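Take a look at these structures.
Shared between the two complexes below is chain A, which pairs with chain B and chain C, respectively.
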Partner chain A sequence: MNDWIAIGALALVGLLIPLGMMAVSYLLRPTVPETSKRATYESGEIPTGGTRVRFNIQYYTVALLFLVFDIETVLLFPWAVVYLDAVESDSVSLLEILGPMLLFVAILLVGLAWAWRNGAVQWAQTPRQAAADSDRQ
Partner chain B sequence: MVGGYATAPLQNGDTILLPERIGELTGLDGFGVGGELLATFLAAFVIGNLMLAMTGVAGPWAKRKITAAFTDRIAVNRLGPGGIFIILADAVRLLSKELVVPENADRPAYDLAPIVVAGSALLGFAVIPMGSGVHLADPEVGLAYVFAVSGIASLGLVMAGYSSANKYSLIGGLRAVAQNIAYEIPLVVTGMSVVIFAGTLQMSEIVAAQAEPLVSFAGLDIPRWYALVNPFAFVLFLVANFAEVGRNPFDTPEAPTEIVAGYQTEYSSVYFVLIYLGEFLHIFLGGGIIATIFLGGPAGPGPAALGIVWFIVKIWAIFLLTQWLRSAVPRVRIDQLIEIGWKGLLVLSFANLILTAVIVGVLA
Partner chain C sequence: MAAYQLPQWAALAPALLLALTGLVLFLIDSISPRSTDRTLLAGTAAVGALASLAVAVWFTAAGVGTPTVDGGEGVIEIFDGQFVVDQLALYFMIVVTIVTALIVVASYDYLAGHTYQAEYYSLVVLAATGMATVAAANSLVTIFIALELTSLPSYALVAILKDNRGSVEAGLKYFLIGALSSAIFVYGISLVYGATGVLQLDSIAEVIADGGADGFGGLLGLGILMLLGGIAFKTASVPFHFWAPEAYEGAPAPISAFLSSASKAAGFVIAFRVFNVAFPLGEIGNVIGFDWTVAFVVLAIVTMTVGNFAAATQENVKRMLAYSSIGHAGYALIGLAGLSADGGELVMGAALMHLLVYGFMNTGAFLFVALAEHWGVGRTFEDYNGLSSQAPVACGAMAVFLFSLAGIPPFGGFFSKYFLFTGALQAATANTAMLAVAAALVVNSALSLYYYSRLVKALWIEDPPATRDRLGQPTGLYAAIVVAAVMTIVILPGFGPVAEAATGAAEALVN
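What follows is the complex of A and B.
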């Protein structure tokens, strides 16, 4: 049988197991609606404000950086797979196999160094946090 | 390769995949395509339930016992020998809890997130060779596939965090995804250094490549496990893996002292069980990947039929390590987490990749 049909079968099982557990739970569990039971949990306090809060810009910058490096890994995989065969056959020199990849990784590492210098991988602080940090030192 | 490879049994001789084996055992292979499909489904069902049983033992029982041993307590001991029947009691207890849905929840996403988390964690086990013929599928892209599907869980965590309409959940979901993407690259790049040794992405071949002896020592063969060939990559991969599955010291997404329980704060009843299950499945999937590409998969002393035993021993060893770290290592802060990932592990993993490539190139 095809490998991907087997993987599809496991995906089906992976869907059926949670659904089955949900069905069993639906049959077993009680439903006792009460007022304020469904209120948003904020450690027992009355919830204040909306829940779509503002958050650190850092989550966005690291996600952008991730996109670049993720595509890089995808492009490196084929190289890694053929590397051993290419090295063992004598038709190509080591420099020809290794050189382009080293250049490719080097370009991206320069990119990382640039992002590093510009604080893309340094946790962004509010001015108040930064001031508190410099006080402590 | 498209048609021919798919129907042919595995090329390297004695390994037969589980669907075919079940087809032969039950006689279903005599019923044409329908029989084969049913055998495949049965095989997937066996794998799914095997992993479910492992998490069932790990979650309600082993985790408690291990943590208790570390903190000098006894933990569950009333039901059955060593309290093992607490698994049944807990299953009934958790499934029969009332489901409280927060009032502002985004309904379809809130309900789908637990299914995504639990279901996607199961997918990776399809290509892991567990020994004794328990191996569902063996595509040529095995390792790339397993990295790809283990990334789906991040989607479920963000869905859970955002749709719960809770500040803790939102921050937890964001942290989870920031952490997963920061450590995904070191994980994959370190995995790639193994591919350079093995020259293939196919899981069965990666395992086969580790079967040869590295050195013989007083009549004892030390196997060519990649953890022994390249211990540096092994350590890097372990660290990145712990971050990827969100275990200590990288459990910032659900840091109980800061954000209650992160993305799972508003989940109760069966939904909580599913998310919890997904997390445990992920620990075992991480263990399975480590065992396969660094620890020789199901290899071990004794006859080949013992393969599954050795495989389970290895993934439980990784599980034990996660629990050890949970008891012994303090949590890192989110800013430290990002810095360790992007400034430390990423650079080290590329250094490892380049060094491995150069050494393999020079030695060959």
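What follows is the complex of A and C.
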């Protein structure tokens, strides 16, 4: 018997269960059409505003900063794993094992310092707050 | 032999210096954000680019990368061959740093009153770092990463005039097409890796020669075509050229100059290195069933024809230059089309020379457009009418650029085109299709003379409109334009060393 048959059966069952549940609930449930059921948010709250909210661009810059340090971790991990072995062995000097990583982190620090100074991690401001700030200066 | 032997990694110094300049610019901007000290920022970037240029020229003169049989220091491999510093790498580092220095100096005036000064210069220098790294990258992974380092700052630079609709639109279009072509390129890399199991260029060639890729010919061929697609985007060649007129027109003119000269050169260095080193002709033909020169013959003819015919119909000067830069990409592609299993270094050397001369004349032409934008005279041919009566020096330089682009004898552009033509004719003995390429080169050059001289006529012969204000003489823009014009002419007596460097680089790569 082909191994793929088991996978195919699994996929079939996975598809049948939700479809079956939907079909059963369709048969059992009472039908009470009501307009408030069509509202965007129907757990008793009255919706305010549209669904197309504009997110502050700062989420993006923070996410970008996170990504940089995410990748830093990925590169630090294998380095940390071989670090002790490299220190103990005589073939590599301490500068050779430590230097490149310090340089790498220093480059990232320059980037972080720049982003910080240019307001990438400042608390998000509404246009009104920003206007008030500029009045004060 | 030098008294003090530099460490191996120091061979990458041109790229490292550019990276360092980028970091220094970030530091300056961190110390005083929103600084508009244009002299400091543009000066730092220009010093960095010139230092990098000086080091690259020094390395070339000292014989770094020159094979030891020719009395050089030998090709230097860094990180187990992930990077390789040979003549080709140094040659393209020189091209990139020249263009970077020119546009940084020109931007000094162009960006007067702009909010994001430091960001602009650091992005330019980072993009230049990417281009210099591309020149030395010797593995598909390092090529891809360096290519992204080139592309990502470029997208931001095209859109840096945040309040200008054209600039933002151009940035978005450039980004979308760039993302698509990056995806195609990386997919191509994965297919090549799938077929050969290695990523380093010389290892790919070994695997193919050993027959390790037999049976995966279709996969490998598709991968190569996809790599070609990614390269065509970077060099603005057909079929991925649509972004070029849009992006160049909307971008600030110095950035158009940067993209159309340096970025294009970076694309070509990938093409030259990948196709020569990883997929050597002859062996690859047996595996994938066709020689890739066929693809380049078609691409070269179509690219130069499309570029020149489209340029001839433009009314907007910047768009005309954009299409002409597509046409010139077609000329440079001849270098790859003319290769054969046992030769072709002459035609490839000619393509390298053309890219260097093009770096001066095309950058200069776009910088003249930058000057016109700085003056605010308008964008069409008619708006340029009679500028020579008010700014004879700049218009004289522009005439030099345009005639050189067209390939008129006393200028640098004539020589590189002449070498391309003779190289193509010589290559025709091995591949008769090259006769068609050579014919297309001549026909297109003749056609290009029409639209280039149209602009010269507007500048020098037409009468100026009565209402135009007095035109300023911005120092930085003028300096960059005049230097580019002088180099376009001076490169002629100095063509010996250039030709030597270019053919040397080509020979080392082909054989």
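For the reader, a short list of remarks on this structure follows.
Methods note: the second predicted complex is superposed on the first by the 83 of 137 C-alpha atoms of A that agree within 3 Å, B and C clash if a C-alpha of one lies under 4 Å from a C-alpha of the other, contacts with A are read in each partner's own complex, and residues count from 1 in each chain.
In this text, contacts are C-beta pairs under 8 Å (C-beta built on N, C-alpha and C of every residue); 3 or more make two chains touch, one makes a residue touch a chain.
Predicted, not measured: the structure shown is a model, and the values here were computed from it.
Of the two partner chains, neither chain B nor chain C is touched by A:R128. Taking chain B and chain C in turn and counting the residues of chain A each one touches, the greater count comes from B. By the touch criterion defined above, A:I17 lies against chain B but remains apart from chain C after alignment on the C-alpha atoms of chain A. By the touch criterion stated above, A:Y83 is placed in contact with chain B alone, chain C being left untouched. In the superposition on chain A, contact of A:W114 is made with chain C only, not with chain B.
Of the two partner chains, neither chain B nor chain C is touched by A:R54. According to the touch criterion, the shared surface of chain A, contacted by chain B in one complex and chain C in the other, consists of residues 116.
Interface residues of chain A, counted against chain C in their complex, comprise 107, 110-111, 113-114, 116-119.
By the touch criterion stated above, chain A contacts chain B in their complex at residues 1-7, 9-15, 17-19, 21-22, 24-26, 28-32, 37-43, 51-53, 55, 58-59, 62-63, 65-66, 69-70, 73, 76-77, 80-85, 87-88, 94, 97-98, 101-102, 105, 109, 112, 116, 121-123. Residues of chain C touching chain A in their complex: 23, 26-27, 29-31, 33. On the side of chain B, the complex with chain A involves touching residues 6-7, 17-20, 23, 36-37, 39-41, 43-45, 47-48, 52, 92, 95-104, 114-115, 118-123, 125-127, 136-139, 144-145, 165-168, 170-171, 174, 177-178, 181-182, 184-185, 188-189, 192-193, 195-201, 260, 265-266, 269-270, 273-274, 334-335, 338-339, 342-343, 346-347, 350, 353-354, 357-358, 360-362, 364.
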